[in-house]
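Below, subunit A partners subunit B and then partners subunit C, in two separate complexes.
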Partner chain A sequence: MFVTIAHFAVVVALSLAAIGVLASLVALRTGLPAWVRVGRQAVYLTFAMLTLGMAGLEYAFLSHDYSLAYVAANSNTDLPLFYLATALWGGHEGSLLLWAWLLSLYAALAARLHWNSHARTMPYLLLVTSALLVGFISMIVFLSSPFALLPEIPVDGQGLNPLLQDPGMVFHPPFLYMGYVGFSIPFAFAMAALFSGRVSEEWLKATRRWTLFAWLMLTFGIVMGGYWAYYELGWGGYWAWDPVENASFMPWLTATAFLHSMMVQEARRSFKVWNVFLIIVTFALSLLGTFLVRSGVISSVHSFASDPSRGVYILLFMGIVLAFSFGALIARSGKLKSEVSIDSLASREATFLFNNLFFLVAAATVFVGTLYPLFLEALTGGKVTVGAPYYNQVFPPLMLGIVLLMGIGPLIPWRKASVARLKQDLLLPFGCALLATAAGFMLGMREAYPLIGLGVACFAAVAIALNFRSATFGVMRRDGLSWPRALWAAATRNKRRFGGQIVHAGVVMMMAGLIGSGAFKTEKDVLLNAGDSFSLGSYTVRFQGAQFRNGHNYDALVGFFEVWRGTEKIAELRPERRNYVNAAMPTTEAAIDDTWLRDIYLTLGSANGDAYAVKAYLNPLVKWIWTGVIVMGLGTLFALLQGRRIKGDKA
Partner chain B sequence: MTRGRKWGAIGSVVAMAAALGYLVLGSFGDSLVYFYTPSEVVKLSADFHDRTIRVGGMVEPGSMTVMPQSLKIGFRLSDGETTIPVAYEGVPPDLFKDGQGAVVEGNWNSNGVFQASFIMAKHAEDYMPIEMKRDGKAMPKEDWLKSLRN
Partner chain C sequence: MKTGAKMAIVIALLALVALFWRGLYLDPRHIPSVLEGKPAPLFAGTDLVSGQAVSLAQFKGKVVVVNFWASWCAECIKEHANLLKLQQEFGARSDFAMVGVAYQNKVEDARAFLARMGAAYPNIVDDKGSIGIDYGVYGVPETFLIDRHGMIRCKQFGPVLSDSYDKIAQRWLPALLENRELTSCD
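Moving on, here comes the complex of A and B:
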């Protein structure tokens, strides 16, 4: 009964979103505030209805209601409670509902938060968010309903894919969606600016924190996916340039470019058209990212059994969004002419320009690599994969360029730097970089990219440290505080800047991890009988044998390993090979011993007589990747704490 | 900015963009890995022996041989019409077994054996629409092969 109500609520939400669109249009035509209030109420009620829908679907899962095809397809009686509750977004229909719900939540929040400060923008904001909601809820109601019923109620469900029965996989979609959906608000504000013809820095200032928050969520979502792939999929890596991974990476790249270029507009009132262009592209790529995994054109871990009508709808939806947004941009680009242009190459504007160039080239690279196979197949029928070598050729130099700019950027002033002063400021970081490269060379590193990467990472790290130092010293001199207090005072007086520097420090950490594990990993496949051992780098791994054990909804073969270095036992590792009750395929559970220096990673394969096939990896510095992203997160949160003096657009 | 400086700046940005563009597209052609079915692979000319390619099919039931005390395995890959022998050394992925779909990446060498450096096994059932699974129908061959493509 509750489930039926929930289904009805979602249908009602569609009508409400449509009312929101109409009301906003009337508000814009007539200028009557009453209609804006109707639009706002429509958005609030859409959120309420979708919340009811989500609650009903959740109830269906928790009560094992297998009359719903979606519940039967994604759960069963044995499923542990945690995974039962989160199976709601384990499949296409439910995850789409989650997306729409998040969109309605953000729309309602935006309407509430900006109601007083941005009264003139509000009708446009309501219009765009309601229109997006109409698009998504229509797809749910007509093409992908989680409430579709089965003709006969099965005795038990098919269960959740074992790969998804994992905390990392549970949180990955919500974080990713909070990123994608998060960009809809800056997008809506940009559209509002274009449609209304009042384009100033206001739309950027209003949405800075939305953008930052969405970017943070997307960053976490992506790295979480990588982290999960690393410890769950058992191939010792975290990124495979799989089309679905790329689909989430592209909006991240353009969003990062946008985060930086919007600072130029705030400081120097330039890059105006560019910024609007970037947020449109970022949001479009977010939509692409959402849809690529479910359109049926790509098969991968993520793909869901496809239906051609979905693909057509998606193309139409994206086409409409792009047509409206780019159309508006072209129509209004006359009003967006910047007041100032770039004075000199040796300026912060220029570093931001190059930053954007690198990020956009990176995004274009991934775009070509991901979509080319699709176009080729559509045109010629030929099937092709773009391999990792393509990405590995392009990304290292781009990454190095970006990190180099990270070091230079904060130290270089706006407008025009005196080259002499610049040389003086960059001397120390450069010197340290040379030392680091030399040290790497002496330690035996011979390949160009890792050596240069080491140098560039050092350059950036020292530059960031110098930044902190000069800010601290400034406060110490002015206010006479001790250095810890001065550092804290400097940080809290400019949370944006300091938060940004912390994020950059996290990026350097991640880069160290990526270089270490990318360039210096060791991999071994061995066949072991009980009692055998093998060497892995400077370690010796001893296999003691395998045993069976039973878990909640699986049974597992556990391998017992000891890792030794010389005469000292470093670790005991127990990789498993699990057979879940509802799955025909076994699942690997890798065992990892992680330290700051390296990960030792073991997986257990199938038996060959009395012997077992084992994969072993020695991955240096992987831990720096995960900790680096946490530092990035902390820096972003710190930067988010800085509010703004509300000027708004009440005039 | 003076005119000369401006052109210099534009020039350097364009030069950098061109260099990056070359980097991106120059390596593109070599990184493409084409996908074939066993029927298509046997028709490939000798030029293809050096190229890394992918072949998809079903592991013929009963065709798997494992060399004792080693990680060398051999099996036959079939698309319903043609069957090819495949050799692999290493630990195959979890889903790899008789009667399941698999995609192998490697080289088709001159003595008619496909030397695989990677095996990607796919659970073909997952890509079947729910209704068909319930009816117990096997997937039409084209859709199933399509699901193996990536």
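Moving on, here comes the complex of A and C:
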């Protein structure tokens, strides 16, 4: 009964969203405030109805209602409660409902938060968000309803894909969606600015925190996917340049470019067309990600069911969004003349320009690599896979450029820097970079990219430290505070700037991890009998034997290993090979001993007589990647605390 | 924005949408076998049920269907009934033969599978996977069609279910048996 009501609520949500579109159109035509209020009410009610829909689907999962095809396909009675509750987004239909629900939540929040401050923008904002809602809810109602019924109720469900039964995977999709969907609000504001012709800096100021929040969620979502792959897939890596990974990485790259270039417009009133372009591209890439993932156009390890009718629909929807957004941009580009041009290459504007250039080239690189197989097949019928070798050739130089700019940018003033002053400021970072590279060379590093990378990372790290130092000293001198209080005062005065610097520090940590684990990975395949041992770097790993163990809904073969360094036992590791009930393929659970210096990573393979195939990796500095992301997150949260005005600045 | 830039955006977007449109009707999982049109690698073994010697060479001059399967493969269970049906439909012909190859399978497991699911044609075991390597098997099940001259003509990647069954039984096999030209395996 509840489920029927929930299904009905989603259908009602569709009509409410359509009312939202109509009401905002009438409001724009007549200028009557009453219609704007109708539009707002419609958005609120859409959110309420979709919430009811989500609750109904959740209830269906928790109560094992296998009359629903979606519930039967994605859960079973054995499934632990945690995975049962989160199986809601374990498949296509539920993911889409979650997506639409988040969109309605954001739309309702935006309508509430900006109601008084952006009264003139409001009808446009309601129009764009309602139209997007109509697009998504139509797809749920007509093409992929999670409420579709089965003709016969099965005794038990088919169960959730065992690979998804992992905490990392439970939170990876919602975070990605929070990111993807989050860009819809800045996008809606940009559209409002274009449609209304009021293209000042206002839309950027209004959406800065929306963008930051979406960016943060997307960052977490992407890294969680990598973390999950590292722990769960058992191939010792965290990023494979798979098309679906790329689909989430592309909007991240353009969003990062946007976060930087918006500062140029705020400070210098230039980059106006560019900023609108970037947010449109970011949102379009979010939709493209949905299209690639959900249509099955591109073959990927994320083997989602492919269904041309859904693909056609998303493509049509994406086409309409592209036509309206780029159409409006082209029509209004005349109004978006920049008021100033760049004065000097030695200026912060110029570093932002290069920053954007690098990020956009990076996004284009990923775009080309992701779509090239499709392009070739469409034209010639040939099959190719573009994988790590391509990206490993083209990506490192871009990454190095970005991190280098990260060191220079914050030290350079707007408009025009004094070259002498700049030389003085960059002397120390540059010296440290040379020292680090030399040290790396002495320690036996011979490959160019890791060596340069080490230097660049040190350059940026020292530059960031100098930045903190000079800000702190400035306050100390002015206000006579002790240095910890001065640092705090400087940081809280401009949270945005300091948050950004903390994010940059996180990026440097992450880069250290990427270089370490990318360039110095040791990999070993061994066949072991109980009692055998093998050496891994300076460690000795001893295999004591394997045993079967019964889990809640799986049987596991557990391998018992000891890691020794000389005569000291430093860890016991227990990798598993699990056979889930209802699943054809066994899954691996890697066992990892992690320190700041290295991960020892073991996976247990199949038995060959009495011997077991074991894969072992020694991955240096992987922990730095995960920690770097947490630092980036904290920095972003700090920057989010900044209100619209910076204390002491004139508005 | 200059007119050129506007045009470039419009053209790029249209091209992109056209590309995706085309892409929707292609199958990204279709992998053409590099062996199509090449001589089929020979193999030999003992039939799991009768214990008699089986080799590809003994079927010279016949049209042969070689099916790679495994007892641990769920898709193989689904397609098994269709393979038996194929043998029933064409098995009476003296110029037709089928062979199953249990890929990376233990003899006992493969034998138990056949006892449970039924066997209508010879099956051998490829426990080291070396025949699979010769045939470039990506994953089971895969089904190869070999013509009278011992050439691999077509490959079905994935289980032989209703669509692919029709394709094999109504297009590939009749063409090869009647010595007609088979222009494409699609």
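Keep in mind that, in the parts below, the second predicted complex is superposed on the first by the 641 of 651 C-alpha atoms of A that agree within 3 Å, B and C clash if a C-alpha of one lies under 4 Å from a C-alpha of the other, contacts with A are read in each partner's own complex, and residues count from 1 in each chain.
As a working rule, a residue touches a chain if its C-beta (ideal position, glycine included) is under 8 Å from a C-beta of that chain, and two chains touch if they have at least 3 such contacts.
Only a predicted model underlies this, so the values are computations on that prediction, with no experimental measurement involved.
Chemist: Based on the shared subunit A superposition, would you classify subunit B and subunit C as clashing or fitting together?
Modeler: clash
Chemist: Quick one: classify A:F534 as touching subunit B (first), subunit C (second), both or neither.
Modeler: Once the two structures are laid over each other on A, A:F534 reaches no partner at all.
Chemist: When the two structures are overlaid on chain A, which partner does A:V273 contact: first (subunit B), second (subunit C), both, or neither?
Modeler: Only subunit C is touched by A:V273; subunit B is not.
Chemist: Is A:V368 in contact with subunit B, with subunit C, with both, or with neither (first, second, both, neither)?
Modeler: So A:V368 only meets subunit B here.
Chemist: After superposition on the shared chain, which partner residues are touched by A:F468: those of subunit B (first), subunit C (second), both, or neither?
Modeler: In the superposition, A:F468 touches no partner, neither subunit B nor subunit C.
Chemist: Report for A:G605: first if it touches subunit B alone, second if subunit C alone, otherwise both or neither.
Modeler: A:G605 contacts subunit B only, not subunit C.
Chemist: Please work out whether A:I330 is in contact with subunit B alone, subunit C alone, both, or neither, and reply first, second, both or neither.
Modeler: second
Chemist: Subunit A residues in contact: does subunit B have more, or subunit C?
Modeler: B
Chemist: When the two structures are overlaid on chain A, which partner does A:K615 contact: first (subunit B), second (subunit C), both, or neither?
Modeler: Touch partner of A:K615: subunit B, not subunit C.
Chemist: For the superposed three-chain model, which listed region of subunit C (3-11, 57-65, 129-137 or 165-173) is the one that clashes with subunit B?
Modeler: 129-137
Chemist: Enumerate the residues of subunit A that count as touching subunit B in its complex and touching subunit C in the other.
Modeler: Correct list for subunit A: 298-299, 383, 584.
Chemist: Considering the complex alone, what residue numbers of subunit C touch subunit A?
Modeler: Residues in contact with subunit A: 1, 6, 9-10, 13, 17, 19-26, 28-29, 31-32, 72-74.
Chemist: Help me check something: in the complex, which residues belonging to subunit A touch subunit C?
Modeler: Touch residues, subunit A against subunit C: 273, 291, 295-299, 306, 308, 311-312, 315, 318-319, 322-323, 326, 330, 333-334, 371, 373-375, 377-378, 383, 584.
Chemist: Tell me, which parts of subunit B touch subunit A in their complex?
Modeler: 1, 5, 8-9, 12-13, 16-17, 20-21, 23-25, 27-28, 30-36, 52, 54, 66, 68-71, 89-95, 122-123, 125-130, 146-150
Chemist: Across the complex, what residues on subunit A touch subunit B?
Modeler: Checking each residue of subunit A against subunit B gives 69, 73, 161, 234-235, 243, 298-300, 303, 305, 307, 341-345, 350, 353-354, 357-358, 361, 364-365, 368-369, 372, 382-390, 393-394, 397-398, 525-527, 577, 584-588, 603, 605-606, 608-609, 611, 613-615.
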